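Both of the next two complexes hold subunit A, though its partner changes from subunit B to subunit C.
Right, the complex of A and B next:
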């Protein structure tokens, strides 16, 4: 699917902009990358302040909440000392930010309270991050061909029964919360067909790839949610292009339907499709949070929700910052890909 | 064989109509449900996880409470909190968008960049972080979900305000010496409601989705409450005993969000705007 875009010869496009030299092309892209990166860094800096303010400045006595019923004035005082809660807010913020930049994520408040041997956040997030990356990665790799394929079919058959079924299903699934999709999948594939487990069947230290049956339903959940969005946007792009005169012209020239669709329609409708693929990649960053919690999948999303429940402030801050960074990065990469693949946008984007 | 797409004329009104019928049904159940529920939603009426029987047509949940009665009670919070969150986001989005669009100066840049920062987070992540600090309660949930949707709304409001504020009747009001609040409220606001409210359905769906998801995660309402999102979560481990404990609230949630989405989609299509962005 990717080849038609990658090998686009400007002379071949019916209504494209005039071809430019490859040298003249490079600089605007670099400038664009520079601006986007600078904006990304600025955004993340403000985001880090927001995260810190939301978790630490808002009322709530972290130490006694974390310690729970076992809290004594002394133990609260001791934990506050370990978490450096006696210092001023700006001081603690700069400390945290400096740590993030040098790769020191600090200690988990709950682990400190429980007197864990190694209370560092770093020791807690490595494996969940790998597991989440596997889950999101598989979903994404399956998503791209499926969404493009179904979207093209639906768009080409616009108004026919097949499109009607596909579009309406997508519209309905698109409106469902992920945990409802997951619940329906569990009822179908576990209760009725008894094919896949309703929660993952592997513990810490094991690779999800060794337990593929546990991966099926989480991946299906993410896929269903993502494809529902993707299909509608790809379809919209196809329908839009099919209205153009050059498509009718190509058809009147007697080109085969296959050739008209692939060389004229699909190739020219790639812009919205690439955008939607990028959006779905960004969506997955948050989509895993719910999905992992439904299936008890040991990833970063479950770690985050557990940390929120335990008021493990430092862990929440670090995970939120990591996810926000990934989110911003994915968006930048997506923008870059769009700019690379669709020359038209190079001039029009700021 | 033509390549031009025939406009699926039957799709639009059908989608909207189906949505309206479904929504009416769900609203009736949610609003009148508590009045007709056969049992107290908080009191056990039998053994845990009983399958449907006489007196409990949908069986009992993990604590032996009547599933039907809980489903009938569980819609109010879903719809109420969703509406409240949508109201918060429209109130904030209108205030910020109108101010930014009308001032067109430093204040504009400041407000809009501030809103942009919220977009650096995936919405659910923002809500989770806010809940970490502010604690779990219905009020915090409504505020958080309201905040998440504010950037999108304020952008639309700002764009519409920019367009309207240079029209003759606004300039006439300025020349008459009217105060800024009066100009914003009486001249501009009535003229931007159509584009601003166009995607209300999609935003309402989204508010319901996040709130239900937070309730499902156990970070919203607290357990004795009957709420569809919460019910799916608390009955999951009993799904092999009584399927209905999970299926019934999940179906109700699905019907509600799909119905609102169908109506919103039909409405947006009628206005001729691309609805491709969907609810997410």
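Right, the complex of A and C next:
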């Protein structure tokens, strides 16, 4: 392998909690995964409680808000019955949680109020989720090589003019909220250059992929915000590794600079970079909410804002829970990648 | 009487079409509009630029602020602006408001009262057909009136049951319906010239309408997704100039942000921006990238003071609070000039509005009234919310104005999502609050029945005086125009002296149009020339 950090410890460790060691000893990665999953489930359980309590304390009683200005005492009562609002909070929480575990997301309060044929939440979130996944997915796929490439260049050239330009730009962009970045992009690419539309121009039932020009500015907004963070972290990792003696040793041993950087420096700075990439992926989950609203992009972020406004509580809870799950999964996957990248972690009991 | 300014030769005090074409030919455009206005009073089909012949064909996208997933196609349940727009596009009432707030015949050809206004005979226009090709019959109209009043449906038109003897409505022949009243009604057409009174096919339930709305309106239904898009095709059988000039119309009600809507218009993804925020409109007036369609009608912003209980039950205190308002400041600062000062009376511009009752800021008189009421150091809570852009700013402005008389107004901001919920502690129980009226203000009868009578469903000011109710019913029931004018003056004088509304301004309807959009003239009835859009055409 040639990676100096790989001080592989092939032997089983004799010490460790007995209950876990059998699995952990034979398959340390599985043990690690098990523990991470357990922690993930615990996190989601706490998240579910918080989400439920938060939607409970939103001002106004749900039925009359959902029914709007034309609510009557009778219709409010009827809707409260359908939403089971007459039952206690713990009961409703357990009901909702049980439904989630069995894949039943429940009914949208608004759809019930309107007497829709299929009031299920599931029927309402498919298309927005797909749209958001496309937006975040494209941004992510472009982000990884760009952040790594620019971060490596910046780190290797640390202290040189190119590094200053890249780092300072990243710092500046990083300080800007998404809607400001979006506004700048709109001014440049629509008002001045007239290249891309400043708002999304497709309707329900259409795929964003059929309207790629509409995707450009939302993707760029997410990308700019993400790269600004990613670049600086990757650069920091590279600079850190560059300081190690083995890098100097390798260079003194006569390895070419290119070989030293790619095989020694980059490889060893990967672990923190993966964590950064995971953080950015998780950021995208939140970043789409603002970006979607600026560009009027029909995704899950806009659905969430609408649901909060209309007190469509079940929809808010489900969407928030889905976003939380994605967030936790991304972090678990990132942890696993780190484990695979650093052989030491693969065999030891972290 | 309407504002005398309306009747002067220029007519430009209240209604302006401001166009910033390449030549910036404002005078020329105004002249063109005036020429078009002559025809507007007789029918709805006049165009803004008479020199140009309307072109047929093309599509148009109209952007609106979203009503979210609660949007509907059922006219009687319409709440958000996209709902109202769709009701106006798909359906027709018996009468529609014309640009000068008169009742123009729509599905009805005419409506005639008997001598005392207790029975109105409605004649259905010959040749009006549903979108499926069937003719509109008296049965449809009888059903429609019944469904408006049906308590189970909870339609906004339910007020009609207070004046119409719904059970007694009957068909006389295939095209004639007799509408008996519970009390004399002087002007039935204007009372029903409102989107909530859409004429529905016989037997149509809300569920059926939501699935496949069949109306008589200028546009036929193609598709609808709440909070996203609805698409309509031209109804070539429409009774005005063989239907809309355009082939297709899309209502994009997916917008949550105003700048996104403006960007959509500027980038050509939409051609019509309904209800532009005043600040953006002010900017676009100088930016000159788009046309503005602007008219001040009967829509107003106000504060509602509870007259029956709480700190403002003393009419001297209410009068004092009214005298503290500097109305011009509201127009300039809150409406960016897009509107007119109010005089505490609802529905300025409507027929029989008491134009002679004026109120100006008078701090000294306010102080002496407060002193007389023993409230020299009055502290009062003002409930407010940005349900409409600028309402909180308006409250802050009033707070400053009230300080001059030593009145301490404490602003209480409430979440916009629940501000208009009819629950204890919310709407209809605020002692002193900001509010506004956009729809249902063009007819004094309809507005007073809805908001200013004992049984009014939206009685924000708690106005319950039996004597006032009696006077109101007399005014509604007066057929003779001269007498009706006098009666309505009495009704409004009482409101002016004792009522709970502090109407500080009438707000304009302002729309943004792409330069290629023609045919829409300013209308005092609503945005976009009354929403029908059958007159719109693309250059």
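We take it that the second predicted complex is superposed on the first by the 312 of 350 C-alpha atoms of A that agree within 3 Å, B and C clash if a C-alpha of one lies under 4 Å from a C-alpha of the other, contacts with A are read in each partner's own complex, and residues count from 1 in each chain.
One rule holds for everything that comes next: a residue touches a chain if its C-beta (ideal position, glycine included) is under 8 Å from a C-beta of that chain, and two chains touch if they have at least 3 such contacts.
All values reported here derive from a predicted model rather than from experimental measurement.
Steric overlap between subunit B and subunit C is present once the structures are superposed on subunit A. In the superposed model, A:242 lies in contact with subunit B only, and not with subunit C. In the superposition on chain A, A:309 makes contact with both subunit B and subunit C. Of the two partner chains placed around the shared chain by superposition, subunit B and subunit C are both touched by A:186.
In the overlay built on the shared chain, the residue A:75 is in contact with subunit C alone; subunit B does not reach it. Touch criterion not met for A:223: it reaches neither subunit B nor subunit C. The partner of subunit A that touches more of its residues, comparing subunit B with subunit C, is B.
Once the two complexes are laid over each other on the shared chain, residue contacts for A:198 go to subunit B and to subunit C alike. Of the two partner chains placed by the overlay, only subunit B lies in contact with A:172; subunit C stays clear of it. By the touch criterion defined above, A:115 lies against subunit C but remains apart from subunit B after alignment on the C-alpha atoms of chain A.
When the two complexes are overlaid on their common chain A, residue A:147 makes contact with neither subunit B nor subunit C.
In the three-chain model built by superposing on chain A, subunit B overlaps with subunit C at stretch 277-285, while the rest of 25-33, 223-231 or 277-285 show no clash. Residue overlap on subunit A between its contacts with subunit B in one complex and with subunit C in the other: 58-60, 183, 186, 190, 198, 293-294, 305, 307, 309, 311. The touching residues of subunit A, when paired with subunit C in their complex, are 58-61, 64-66, 68-72, 75, 108, 110-111, 113-115, 124, 183, 186, 190, 197-199, 201, 203-205, 293-296, 298, 302, 305-307, 309-312, 315. Looking at the complex, you find that subunit B touches subunit A at residues 1, 3-8, 11, 15, 116-117, 120-125, 128-135, 205, 208-209, 212-213, 216-219, 229, 232-233, 236, 239-240, 243, 246-247, 250, 253-254, 257-258, 260-262, 265, 274-280. Within the complex formed with subunit B, the subunit A residues making contact are 43-44, 46-47, 50-51, 53-60, 155-156, 158-159, 163-164, 167-168, 171-172, 174-180, 183-184, 186-187, 190-191, 198, 225, 228-229, 232-233, 236, 239, 242-243, 247-248, 251, 257, 260-261, 265, 272, 282-283, 285-286, 289-290, 293-294, 304-305, 307-309, 311, 313, 316-317, 320, 323-324, 327-328. Chain contact summary for the complex, subunit C toward subunit A: residues 66, 68-70, 72, 77, 79, 154, 156, 206-207, 210, 225-229, 250, 252, 254-257, 259-261, 263-264, 266-267, 269, 414-415, 417-418, 420-423, 426-427.
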